[in-house]
Amino acid sequence: MNRTKVAIIGASGYTGVELMRILALHPQVELKVVTSRQHVGMPVAELFPSLRGIVKLAFVDHQVEVIADQAELFFTALPHQTALDVVAALCAAGKRVVDLSADYRFSARSLYEQWYQTHTQPELLAEAVYGLPELFRRQIPESRIIGNPGCYPTSVILPLAPILSRGLVAPGTTIVVDAKSGTSGAGRSLSPGSLYCEVNENFKPYKAGTHRHQPEMEEQLERASGIRPEILFVPHLLPVNRGILASIYVPLARPVTVAEVGEILNQAYAGETFIRLLETGALPSLAAVRGSNYCDIGYVLPGNGKQLMLFSAIDNLVKGAAGQAVQNMNLLLGLPEDSGLRTVALVP
Amino acid sequence: MNRTKVAIIGASGYTGVELMRILALHPQVELKVVTSRQHVGMPVAELFPSLRGIVKLAFVDHQVEVIADQAELFFTALPHQTALDVVAALCAAGKRVVDLSADYRFSARSLYEQWYQTHTQPELLAEAVYGLPELFRRQIPESRIIGNPGCYPTSVILPLAPILSRGLVAPGTTIVVDAKSGTSGAGRSLSPGSLYCEVNENFKPYKAGTHRHQPEMEEQLERASGIRPEILFVPHLLPVNRGILASIYVPLARPVTVAEVGEILNQAYAGETFIRLLETGALPSLAAVRGSNYCDIGYVLPGNGKQLMLFSAIDNLVKGAAGQAVQNMNLLLGLPEDSGLRTVALVP
Amino acid sequence: MNRTKVAIIGASGYTGVELMRILALHPQVELKVVTSRQHVGMPVAELFPSLRGIVKLAFVDHQVEVIADQAELFFTALPHQTALDVVAALCAAGKRVVDLSADYRFSARSLYEQWYQTHTQPELLAEAVYGLPELFRRQIPESRIIGNPGCYPTSVILPLAPILSRGLVAPGTTIVVDAKSGTSGAGRSLSPGSLYCEVNENFKPYKAGTHRHQPEMEEQLERASGIRPEILFVPHLLPVNRGILASIYVPLARPVTVAEVGEILNQAYAGETFIRLLETGALPSLAAVRGSNYCDIGYVLPGNGKQLMLFSAIDNLVKGAAGQAVQNMNLLLGLPEDSGLRTVALVP
Amino acid sequence: MNRTKVAIIGASGYTGVELMRILALHPQVELKVVTSRQHVGMPVAELFPSLRGIVKLAFVDHQVEVIADQAELFFTALPHQTALDVVAALCAAGKRVVDLSADYRFSARSLYEQWYQTHTQPELLAEAVYGLPELFRRQIPESRIIGNPGCYPTSVILPLAPILSRGLVAPGTTIVVDAKSGTSGAGRSLSPGSLYCEVNENFKPYKAGTHRHQPEMEEQLERASGIRPEILFVPHLLPVNRGILASIYVPLARPVTVAEVGEILNQAYAGETFIRLLETGALPSLAAVRGSNYCDIGYVLPGNGKQLMLFSAIDNLVKGAAGQAVQNMNLLLGLPEDSGLRTVALVP
């Protein structure tokens, strides 16, 4: 069989090594090129000993003109802003791109520019598709650029979209999203806050109400449901390597039963491979999704009936980044959506 | 100097070892008796090697008639329900008791009985004082029984009481309390959910909206402020040994400025040794209070001005249990309130 | 294709859930039966939410007469001693068994009985084969009973056997094995020492010089090399879920060069899928093998040339238990040895 | 009472914050100056929120001419080599110094220069005293410069010195020291290997046989015992914040009984406040010493009687650095040796 050649631009971070882990075992693609400005010439297995004997490439520089010919589909795992022009150059070379930065996630250019910086490729932004297959599956295969969703937004949009669509959220109210992420979400760059001794045995909120994933959630939830929600998003840093658990507090527009909530979620996601709705009253955990592409969703209606609680768990590096990127690649290439992604969480 | 003799009934759990850690260095008291049904005759230092060379006692059985004479003040660190009659027997023997179970925390017997079980000592319950010194300091010295607050309630009542008192909470709304606790909060008893491999690299909510600390918070907040709040309390289990971080989302009754919030909290707690108000915008962390008796409080007003966010951090075994119990003991004995409690968090 | 039906007797522990994780994705076998005395009737996914949607079985009781017909090959993951007669009954029913207890690992019955208890099935013990494929591959396919190696012995025998075979170990000397294991090695049973708060932020040796894996190592190293080594084995408990790192100090019989050591190891293992020899001077780590079936081996010759240091890393639940058991199953069934085992370590 | 004024040069690392934690509560000294080149002007409590309300200083630059007058005794917690001239300048200004770098630890200048770099202050080096009070207590009070011992050497010299002194080590043999350290030992500087996701759930050896603490151990053991031992030292990195556990394998010169070993250690250390000899067969753990200045020592004689095993546990930041430095300061100032150091390990 002819495997499709793929490349990763910016492969020396945690998203990069996770893409390599998944792609190395993917039956229908072949990883041909991995780039890292910082580690040009270094064998991948030297930086990431877990890939010893598995990925035999060395890092190269990411000059698009040099590497564009070597693959058909590109993952860009670069910092925000850096991806802008690299993606454009790859498109100009006729390639398809799954971009894991925020640069092609927003529909409204103004919103991107309000929270990030000037967007240098507005036409391409308009063309890009938000790569959340469970909600926007049809548009993905026809696109050249997939804006791979943020990790937190994935964990929030999936449980919330059907609830919002069905009018359960009381208008004018604020949905509180209290989310907790493992430390790999902060990336592999050097910062005092990412040191072992700062994170271990610690826990704290950060960027309370000011995180850039909040507008992303609000915009895509509106696209999915037709209703613009008002979200108060507070992330916290967990002393674990992987995983996001989002606790979502929804002021209800009207009384509902827990059975009705279950039915709404079930109708939305019953056929989805990567969404697991928990039985009534069960609550998700990070361990149950670690290393897998699942999003586990639980829901609880407390006594007074005024609020619905939604809980979701994903692995931030899989469904929140590399796994979802491969899911998007599968759709782009016409492969089975779960190809290379049928893994079970590593427990314990 | 004559040291006051004290005893711990039920000293083989995490609260017990923490009480011993603090009391061993307390300059004005002497630990004379420690009991443990399960470990009668075992030297304390065999069960807890950290106390080797420091606590030279062995565990004895907790027959009140035998041990009542050996100390003047007793800490009871027994499971809920077990404490009911032990505390009563100690009182009958003329002793003063700081009870770390839930058995003497509630003002309303009916509320206790709704969430726990029949209360066998209603007269003593009526007499007991809720031992949160920052709010109820005056009543403590005159009491025979101190109901030492629950760990979660301590972390929630302290930041919330002044806000509620000043009418900032919109009537009829729900205050969401999304709290996260280290695993020592689950105690030292054997349960699958407390195994290392189940907790490590994991995180999950539990008892969402049904935890027994919720009515305790609501009752004591009403006592402190005159207003009964409606709280939706969702605890989560953190992979750390110690610490509670509470994220509290308060729907506001009217627009406030962040300066006003700071002033309210400052007026309430400016003179308090064990409460540290963070500067505007700063957020607390578990590490900053680990091993200490502090409650750190931060506050944030997000853009839309509809909600106030309060964040608090305590060490669940210190300010959330043993440290607060010693603070209560100091008040009961007329000692400086911070005696034996001037410790600095262990960082890193 | 017709998948071979397999069963797991004793599937509610960590070895059990790991076997299920691997077998669920194995392309040539089908998991038909899982047993657990304690959880009869409970759906597997209720006990192990990671397997939700993946393993749809419920636990049954392990009466051999009832389940023997339902599978062709059995994994027994029972406590030592319990496996003795269950394995015998399965053999009597004409089934093949990979036993993950210690009951069929020893060649010398007397050695087993010295360290464990009376062996009730001495004929079967004589027939059983020690399932370390890299050293005893030829004997495995013809056997009915595979004694799946202990986790520590796997990590020690693999690096040491070639060194011993080539006469590098000074006769009459003691090889020090200072090994460190993640907590899943202690199993999922309830014991105070396995509680999160006891293991986390802690580290300690245990059973120094008296662990039952020491005679297993010595016996199998003699079988593999013809020379009986004297080993001083000291295990330590690590605050991680998974992994064994063994540091092995070998008094040398004669001066060697590091190149010679590399060549010896290379000759022994160059063709092995699951052994990765590190480049000279590189040292293994737990992270590089987590979740995979690899054994990574490093070697260092310190300045004075008197001692050779060997370092090995495995995942105790994979190469140290379930993965190796599946490797043995593949050999028994004539499947590719790495079938179902081509996984990459989960990093970070 | 007049408190002695002290200063910390280089206070923004983990040793610095630990010194501040201890000194803040020390009854006879007053911390007057803390320096940090990187954080000049920043309040200490901003960098280390654990010290909020406790240390009210801000960091200043470490120009000796400016700060020499402000304190009588100085702790230098600077990187190796940087300390060389700062210590000399402080001495020239008539101050006494406890230096926590390696710059004043070695007796033989040539050994220092072999493992570090040129020593610019050889006369001061000759004058400096190795600050291990349990072995060199008498020399400390008369000295101007204390070379505070390395963390690993402290954990190894203490258990080994009496054994070596009494001729128990077989001449010409190698003592294997397999040591494991928490991550704070690597300091607070930014390095990929200190990132949370690299250390957590990981474990690995490093600098096997080439670590610079090996010659320090050998030299000081010779000074203490008159016999130069040959040590093979292999450190490993533990996923905990604090603690060193050293497993020491001693080839015996002659048969001994465990009672004899116990007696030797007891004779050496019976009166020592900070050394706790465990009962026969008991093994130390990191948890039992966390946050305290204790060194716990255990000893085991395995069956064949050829090797003695010693195990020691310390908190690398306390007895391995800041606590020992304060112990040395107490001796220098004629204070009770345990002043400010009577703390109990934080468990759990």
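Chains: A, B, C and D, in written order; residue numbering restarts at 1 for each.
Basically, a residue touches a chain if its C-beta (ideal position, glycine included) is under 8 Å from a C-beta of that chain, and two chains touch if they have at least 3 such contacts.
Here the structure is a predicted model, which means the values were calculated and not measured.
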{"item": "Intersection of the contact lists for subunit B and subunit C", "value": "A, D"}
{"item": "Result of counting contacting C-beta pairs for A-C and A-B, higher pair", "value": "A-B"}
{"item": "Most widely separated chain from subunit C, with each centre as the mean of CA atoms", "value": "B"}
{"item": "Rounded Å distance, subunit A centre to subunit D centre (Cα mean)", "value": "46"}
{"item": "Whole-Å gap between the CA centroids of subunit A and subunit C", "value": "36"}
{"item": "Centroid distance [mean C-alpha coordinates] between subunit B and subunit A, Å", "value": "39"}
{"item": "Contacts with 2+ other chains: residues of subunit C", "value": "14, 184, 197-198, 200-201, 239-242, 284-285, 287, 290, 348"}
{"item": "Footprint of subunit D on subunit B - complex, ascending", "value": "14, 17, 21, 24-25, 48-54, 184, 201, 241-242, 276, 278, 282, 284-285, 287-292, 294, 296, 342-348"}
{"item": "Residues of subunit A defined as touching subunit B within the complex", "value": "174, 176, 178, 180, 197-198, 200-206, 208-210, 230, 232, 234, 236, 238-243, 245, 247, 249, 251, 283-287, 290, 300, 302-304, 306-307, 309, 311, 313, 348"}
{"item": "Parts of subunit C lying in touch with subunit B, wherever the complex brings them together", "value": "14, 183-184, 188, 190-192, 194-201, 239-241"}
